[in-house]
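My questions all concern the structure below.
Letters are used for the chains, namely A, B, C and D, taken in the order the chains are written, and counting of residues starts over at 1 for each.
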Amino acid sequence: MRARILVRPKEGILDPQGQAVERALPALGFEGVANVHIGRLIELDVEDPSRLPEMCERLLSNPLIESYEIEEAAK
Amino acid sequence: MRARILVRPKEGILDPQGQAVERALPALGFEGVANVHIGRLIELDVEDPSRLPEMCERLLSNPLIESYEIEEAAK
Amino acid sequence: MKVGVIRFPGSCDDIDAQQAAARVGEAVLLWHRERDLQGVDAVIVPGGFSYGDYLRAGAIARFAPVMESVAEFASDGGLVFGICNGFQVLCEAHLLPGALLANTSLRFVFRQVELEVVRNDNPFTATCEPGERLSIPVKHTTGRFYAPDDQLDALEQRGQVVLRYAPGNNPNGSVRDIAGVCNEARNVFGLMPHPEHAVDALTGSTDGLKLLQSIAAHARQPAAAA
Amino acid sequence: MATVAPGRASTEPRYRQLGLSDYEYELILERLGREPSPVELAMFSLMWSEHCAYKHSRRLLRRLPNTGPHVLLGPGENAGAVDVGSGMAIAFKVESHNHPSAVEPFQGAATGVGGILRDVFAVGARPIAVLDSLRFGEPGQSERSRYLLERAVAGIGHYGNSIGVPTVGGEIYFESSYEQNCLINAMCLGLAPHSRLIRSAAAGPGNVLVLLGALTGRDGIGGASVLASAELGEGDAEKRPSVQIGDPFTEKKLLECCLELLDGELLVSLQDLGAAGLTSASAEMASKGRVGLDIEISNVPLREPGMAPFEIMISESQERMLCVVEPERVGAVLAVCERWETLATPIGQVTSGDHLRVLNHGRPVADLPVHVLVDDCPLYDLEPVEPENGIYPASAPVLHGGEPETQVLLTLMRSPNISSRRHVFEQYDPVVQSRTVRRPEQADAAVLQLGDGSAIAVSIDGNGRRVACDPRRGAAEAVYECAANLACVGAEPLGLTNCLNFGNPEKPHVAWQLTEAVEGLAEACEALGVPVVGGNVSLYNEAPTGPILPTPVVGIVGKLPDAETAGRLGFARAGDAIALVGPYDPAYAGSELAKLRGAHVGGELPAVDLQALRAAHAAVREGVRAGRLVSAHDIAEGGLAVALAECCVAGGIGARLTLPGGFDLFGEAPGCGFVVSGPPEALAGFTIIGEVGGEALEIEGRLKLSVSELQAAYECGLPDLLERRC
């Protein structure tokens, strides 16, 4: 399976990247954008998808400050 | 609309982050993982989604090295 | 000669660049929100972490009001010199070809490296000899120069590759050991190493001064003023 | 004796869950004459925590000498400061961020740097250098220690590099006692004209309190008492959400903004927000100024909706400062902040009473006499008892005695505590701001030019293993060694800062270590005439297996009249003579060799002839300043043999030496001995032991090794341990 893992800054945790982009956009003429958050996108082929949650906890995300979501990606 | 933008390193460009993850996984006992690629996940609320492609080309991605994909995210 | 050094929020080597440039001429700071370039002969886009380098290094800075003036200045033939983060900004602004990616080590690296001057037919290395070695420090996390192969061939052919890391000195995995490139018109130049940190024997080498002296010499030529 | 009790069952009274003892709570009731409100209780729990109140160390710290002709700001301010001439001052301080870094090393270390930078610009100084002092478990045996090292280093680099302050020095030791309690201490130096130095005391009833910088979120709620004062134990997981994210970009703008406000003389006082956030900052400002403050918390700009008043008062969100402004200058202040894209919000005012009042939409939610909050926390006497037996296990032996001395030297050169730190310091920018005259591995101390031809030097030192052998002598040695490092570049000490990293002071043997170590520090400072201008204390660094090695970390700032003559450590010229300087009488106990041989942590450290030590430091300092010495290097871990090898590797040139028979090549006596080189006639009066030249280090009749072999061992030691390519 091709898996897609979305890693996001946990709720309530400071997201300086998202803040910086949110502040930059209006100056470029893009108004009406809010709630910008920036995370990581990890895509991989995995033989045994049942192991994905463990991989996410141990390596792909930092559970202290990030949450993750696993999706099946279109090949 | 809550939009989700997936920014991926273009194919053929060395992705040392993806490689590092690919190398680290077996050492943690996760076999059978291949083709790891790491990109950026940007999520935002946008009033006028028609402007998203322009935002992506001008700011959110660098077309020389990255490709992007826009999705509607569940709120 | 009067040099303007841009100051973005998050610039770090702006004062260093100003002090280095002041060794060869007058040097002033240009605030990112101002469009007035104060009649400078050359612009330095300095190192640092403009806008925190969030998103991508240099991606947000290139939209600063002052950068509009810099783009005009460049298209009129004005000398623009991007160092490290400044190089990233100029690439993002499409004033220079290519892009800068994460170091293959994925780590920040500070190192005194040896550079090789590839060409001196531009205003930035005119006082150097081709093949000459320069000792200048690098310090960055995102310094791996990249452009597609066909573009690289074209760059080399047109003499736009100005500096390379000497063999064994490539600190970041840059393609073809490229450390510094100029635009086709040869008036915009960017490099990852920090010549402003190589201008005084007390604090390091003096090899970086040659680049600034080249700019000063160029600015003194009557043709350049036109 | 107070008990610190994190994470108790919820049937416990609230004050106990917050870490206050029954006795302390009784005292609060008595002083207030009523029960505290929830907001007040939260404020007490932080202000009366070990971290803020120094309950177990304050009495001891009075022993440290803190006056001297160069002192401009002493302990009590956010950072101490010394006069460096030409109307300039250097402010400096070292601080720990141990517990947060053990939880999340990258962000913990990064915010540690962010915090110490704020302490320095809070007194009006522009940060010009950072140093880091790190302790981890054995990298060869512990994956976790390797991870902590890599991530902490990345975090320190991330913050310092991004904000444009050079990281110019530091030190790292690996010992198994730090396995579960790594130490991350960061030191910062700042430069200011005397006229810009500012204190934190609030003043002038009617003046406005303005909050600067980042939005306030639910960061580190309760962090000060839970993270900084409790032993890390089983229930660690629940504390995890309180990781704070550092934002160096916001701090860079805040820093420039604050300095511009001070240059414009727009502020009455300035204070950083650190542990205990708004509570501690406002209480300290009020207490020092003997005034009251009213804070309207509904004005505090929030990052998250629905924050409770107590959360706003104790939030530890990073990158914030608090200042007092005269009403007519508020407009000018806000304009400067706008220019630097720094949020600035009036949130209250100075009052003439002595109460700290917290209002929520005009309704008081806390109203406390400032002195009760700040000064009435009970201080505890320690109950020191010297342990009868050693409390630290010996390391696994890698040398067994009987090996040839060449092999011993190579093993030492690549050992975790001695090998080159290049892998680490290459991740730090040492040159930004263009002051750095000596970078890591060029000299024993970092040297920074001040712009008037003169320079300052700085070094940070502390060897916990030796302090464990003898806390009094070991702590004194840290001062001697740090001063010796300064002598090697030609600098004379002006002032000292320290961070006392120890275990649980309620345990008698830890209390003994702490008491003895402070005594040793005090004696050494008195002997060298160096005042202590500030510092920090980190206690409860304990794991179920026991306390960390007692680790006082010492940072000294000194001055050189001429930056051009700053010393170097490497041998440079063939034909130069080599001399041994100082009352150098090394011993095996506590040495690196003893560790590698698996010796127990103990034994007698060498006694020091203080008069001879002072004379040696002065002789080296003067020799370097006068340009007579081409190189100077103090003899530290690994003894004379390692010191000589380091001089060879740094200079890329060999040396030939002849030593008296039976000379102890690997014994140690920190701060007492130097290896210097120079023209033979310039070394008259010193004990000549050899000559620079060739491609090998040869000690006649003892050992001979090529410089390249020594270099390979030295430079690959750490990368090999970290499984990195060398």
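Following the convention adopted for this analysis, a contact is a pair of C-beta atoms (placed from the backbone, for glycine too) under 8 Å apart; a residue touches a chain by one contact, two chains touch by 3 or more.
For clarity, every value in this text was computed on a predicted model and none was experimentally measured.
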| item | value |
| --- | --- |
| More contacts between chains, A-C or B-C | B-C |
| Distance from the mean Cα position of chain C to that of chain B, given in whole angstrom | 29 |
| CA centroid of chain A to CA centroid of chain C, Å | 33 |
| Between chain D and chain B, distance of the C-alpha-averaged centres to the nearest whole Å | 40 |
| Euclidean distance of C-alpha centroids - chain A vs chain B, Å | 9 |
| Contacts with two or more other chains, residues of chain D listed in rising order | 247, 249-250 |
| Contacts with 2+ other chains: residues of chain B | 59-60 |
| Junction residues of chain C - those touching two or more other chains | 51-52, 54-55, 60, 63 |
| Touching pairs among all chains present in the structure | A-B, A-C, A-D, B-C, C-D |
| Partner chain D, residues of chain C touching it in the complex | 9-13, 15-16, 19-20, 48-49, 51-54, 107-111, 137, 139, 141, 194, 196-197, 200, 202-204 |
| Residues on chain C engaged by chain B in the complex (per definition of touch) | 55-56, 59-60, 63, 92, 98-99, 101-106, 144, 146-148, 173 |
| Residues of chain D defined as touching chain C within the complex | 154, 157-158, 161-164, 247-250, 252-253, 340-341, 425-437, 449, 563-564 |
| Contact set on chain A toward chain C in their complex | 16-17, 19-21, 24, 27-28, 38 |
| List of chain C residues in touch with chain A within their complex | 51-52, 54-55, 60, 63 |
